[in-house]
Amino acid sequence: MQVKPDVFLRCAKCAKVLFSKELAKNLKVCPHCDHHHRLTAEERIACTFDENSFQELDADLISCDPLEFPDYEQKLARGSKATGRHDSIVRGIARIDGNEVSTAVADFGFMGGSMGSVAGEKITRTLELAAENRIPAVVFTASGGARMQEGLISLMQMAKTAAACELLSENGVPHICVFTDPTMAGVLASYASLADIILAEPGALVGFAGARVSAQAGVANVPKDFQTSEFNLNHGMIDDVVHRKTLRSTLSAIVGHFTRKR
Amino acid sequence: MAKTWREWEKPVLELEDVIQKLKQALPTASPEQAAQIEHEIERAERARENYLRIKYSRLGAWERTLISRAEGRPYTLDYIRAIVSDWVELHGDRRFGDDKAIIGGLGKIGETSCVIVGHQKGRDLKERKLRNFGMAKPEGYRKAIRLFDMADRFQLPVVAFIDTPAADPGVESESRGISEAIAAGMMKMFSLRVPAVAVVIGEGGSGGAIGIGAANRVLMLEHSIYSVIPPEGCAAILWRNADAGPQAAAALKLTAQDALELGLIDEIIPEAFGGAHRGPAETAQNVEQAITRHINGLASMSGEQLKLDRRTKYRNMGVFAVHGGSESLPFSTAPAQSS
Amino acid sequence: MQVKPDVFLRCAKCAKVLFSKELAKNLKVCPHCDHHHRLTAEERIACTFDENSFQELDADLISCDPLEFPDYEQKLARGSKATGRHDSIVRGIARIDGNEVSTAVADFGFMGGSMGSVAGEKITRTLELAAENRIPAVVFTASGGARMQEGLISLMQMAKTAAACELLSENGVPHICVFTDPTMAGVLASYASLADIILAEPGALVGFAGARVSAQAGVANVPKDFQTSEFNLNHGMIDDVVHRKTLRSTLSAIVGHFTRKR
Amino acid sequence: MAKTWREWEKPVLELEDVIQKLKQALPTASPEQAAQIEHEIERAERARENYLRIKYSRLGAWERTLISRAEGRPYTLDYIRAIVSDWVELHGDRRFGDDKAIIGGLGKIGETSCVIVGHQKGRDLKERKLRNFGMAKPEGYRKAIRLFDMADRFQLPVVAFIDTPAADPGVESESRGISEAIAAGMMKMFSLRVPAVAVVIGEGGSGGAIGIGAANRVLMLEHSIYSVIPPEGCAAILWRNADAGPQAAAALKLTAQDALELGLIDEIIPEAFGGAHRGPAETAQNVEQAITRHINGLASMSGEQLKLDRRTKYRNMGVFAVHGGSESLPFSTAPAQSS
């Protein structure tokens, strides 16, 4: 975990005061209300994979502005500044308890984790590498959906990543996905939902239609836990909701079951 | 700017109304009156044609958005009635229900038996409700997947008609996994070892469209649109103003012409003069010819080739560059830029 | 249709008086209320396939009484007397508008169309013949379910026929099923539901649990159309409900689509 | 005749109660009393053992039916806890819901990672309701199918524990296609290219059981049953009297011993003395050994061989003859008879 000078914070959910160091030690889970705060890609990698096992790939892919969409370049620049990265997905190869995986981790801090050409390409390469090397793919999602600034090209990233999922499936290589807050729209409706095993962090927002869309469509009678990890578990859409404290060991067991046989 | 097709076409619709009334008056008119009426009809028709020619020759993204949603526009079942023989509609996903917003079945186009699926909008208020305004629920995509599977096993080409504002965004649909259903629809299409042709006939509304749209060949009608988000939704998010739809439509590059230029679709099918709604039969014929041509063109490919063709097609979509570098980018249509 | 001397009958549903000849001419559909009366296997064959095209196979298979189950032999004898056949399934090869199909037709008159070893074997052979000859299988169901007088052996006919369905599916050969009144329990829960295309006659009883089972289990709030063809259509379980008058032409179109390609 | 396991075992249960009470009295007893109590315990335990030996040495079909349903009997999760390591439970059918009456997941039996599914009954009233008394709904079978599919793709053996009175017979289950779900469960199992072993640990209740039971090897615990219909249901239909359960149980030949004799299962796994509920650990060990032995035995077969093995196994089930003839009947175990 990146630990900056100790400062006071407020829990995003219960608003209780927290010390940043303590929060970091607790994997950014609020000790009072168990709220799972978002992790940066770096933090996620640090608390998931064997020490120093992560080797980043394709860090240098950058988004273009093919539609010359209003303000897109500025937004990309802002995302870069916020995350120190060129786009929303960090990908690479890593190990969990010694077992090798091809992995991609989304960083919500870069334009809300939205999927444009770079994210689509990196996810696709992550799955292709898994298929080639016959190692499990482990993907952490965090995204508001497709990146509208790339228009139809972004929509096509849904198809492109779905094609890579099909490749993985055809080759009998496992695809594991962990939904973190939020996992929405074009990402949920493509590679995320096509994973063989889907875990989700407690309380994450997981759904198809954004609040704005639902409101416009006049969606009524919304259940209390609507579009949460728990809602999705209850409706049979995901394999389990796993606390961040046991996520690593659960992933390790799953990867272990899938690794032993090949 | 006009907000609906009816508003935008108002002058033409009024002219057409005038012409119709004149024609109705003709049988009961005296010979002198008749000559006068015929003259007026001729003049009005000339005006109508001029008007349409001008209006339809410089359509912006927003106008095309309006036309693509026109109430009188032919829907999937209209094309099926026009160009499909031995049609047998098949219902249900064998899991939960029969979604009326996506229809499917078996039918012949030309001499070829196909599996045909498509979004279906409703013509009148009652049917619109039945069809949920063409917004499909999970069971709609799962019905399509069931039929795709049959197509694959029985070696029938797949034809998909796309015409939806979006997938259904309701609580029910979320409960039953609308996201999974859309994703699975695409994945199933990528597994097919038969030719698949998709035609966007009206609105190609984001995930709801691509869920049955991952075909070998994707065609669009001249005045249809295909978009990652409805322009009004985009406007609401980016401009905080749903009325900025026209601006957003232009920015999103959602017309058939844009999609072709971006290399994301394969062909534009011309519509009748004044739009498909003014010449459904002629437009249907164009659609039939295009589908037949593409299915025949794909017929020489093996199952494996068809699958690879589809995978490669979408694999190559995306525009990106390498930071500071000049890696050759076969998958990119844009020049490398430095951020 | 077998036409016996003209007699008065009563419609099983609306109880209106019908002439047997007229009823037969109307495919045994009540002209007043559209009730589809049950057909014998012979009647079904006559009104479905091209004239004289049906060639029966395995007519001589007979049930044994492996469990020495009380009264089973008498029931078999009664079934034989009622239908002139050795068991509930008639199978063979036939044509619809010239296209060859492998077919099986259930006769409810033989022990309620129940599936014991003979029915299971005949259905299996029907599907195997379809797979071998690469012609569609067309099966008409009419059954209360598995034949309990053969105990676990009957239950295994569900698995056996499901295995044959898998064979058909693996070989890319179409499997078409027409549910007629009634299609229940062990038959619905095996080969019947595994057909690629399922049509049903209007008003047929189609369900899993018999009324007795449901009553014992205290099943409440039963909808009006529960366990009918229409209920199953509305819930997405079958492809269509087809009137007997158009059933032949619908089947012909389907078989045509599936035949042209091979 | 006894109607429940508790009623049937009443004398033993009372003896066991007495023994327990005596043992509780022991610590606070005087030395003299203690000697007396110990003597009584010894006598009661001898009586218990004799009683159990006699009772369990001549079990009829009805008694086995009662034992198979005994409340104290180990359920699927008990076996998983006892013999599975690295267990990860997986939920949901990705379509509608997560059925708690069929559980599934990944786990190691011995050194082999497997996909494990099984019916799950509830221990107390609350859990019984949650588990719907082990009666699975369509989504339960569809969850199993999803896991079977994973097993096939990732080359993991399948282990299924069967323990259900029947599939759920309610309106909901009919609406969502319980029949289709059961049928699809069998069909999926026939498509598997990995070893599949099923163990009937309690009640093998008709369609509800076979829906996850079409395995290469089917094993039954000594006191489990496997039946086309619950004996009470059979009695209600044939004898018009649900109390004729014992008669029906005998007629149906539903014990493990009958099933083995009829050639419909592969092996009987012995239970602890006095039934699995009196020795869950010992019984679980027997179950583990049997599963491991069969999975190892199947390991040498190729995927195609495993599939063929399964298909052939069930293809050969059935007893019939040829009217008046003497056709060789490789699939029949009964002599040809004339009707």
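Which chain is which? They are A, B, C and D, in the order written, and residues in each are numbered from 1.
Keep in mind that, in the parts below, a contact is a pair of C-beta atoms (placed from the backbone, for glycine too) under 8 Å apart; a residue touches a chain by one contact, two chains touch by 3 or more.
Computed from a predicted model, the values in this text were never measured in an experiment.
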Taking contact as defined at the start, I'd like the list of chains shared as neighbours by chain A and chain D.
B
With respect to inter-chain C-beta contacts, which pair, B-C or A-B, contains the greater number?
A-B
Centroid comparison with chain A (C-alpha atoms), farthest chain:
C
Roughly how far is chain A from chain C, going centre to centre by Cα mean, in whole Å?
51
Compute the distance, rounded to whole Å, between the mean C-alpha positions of chain B and chain C.
41
Averaged over CA atoms, how far is the centre of chain A from the centre of chain B? Could you give it in whole Å?
32
Which residue numbers or ranges of chain B touch two or more of the other chains?
94-96, 176-177, 180
For chain A, jot down the residues that touch at least 2 other chains.
169, 193, 235-237
Given which chains touch which, is the overall layout a line, a ring, a star, complete, or other?
other
Chain C residues touching chain D in their complex are 60-64, 66-67, 69-71, 76-77, 80, 86, 117-118, 120-121, 124, 146, 148, 150-160, 162-167, 169-170, 185-186, 188-194, 207-209, 212-214, 216-217, 219-223, 226-227, 231, 235-237
Can you check the complex and tell me which residues of chain B touch chain A?
166-167, 169-171, 173-180, 182-184, 186-187, 190-191, 206-207, 209-211, 213-214, 226-229, 232-234, 236-238, 242, 251-254, 258-259, 262, 264, 310-311, 314-315, 317-325, 331-335, 337-339
Listed in rising order, chain A residues that touch chain D in their complex are 169, 172, 174, 193, 196-197, 233-240, 250, 253-254, 256-258, 260-262
Contact footprint of chain D on chain B as seen in their complex:
94-96, 138, 142, 176-177, 180
Show which residues of chain B lie in contact with chain C when the two form their complex.
86, 88-98, 106-108, 113, 139, 143, 150, 153-156
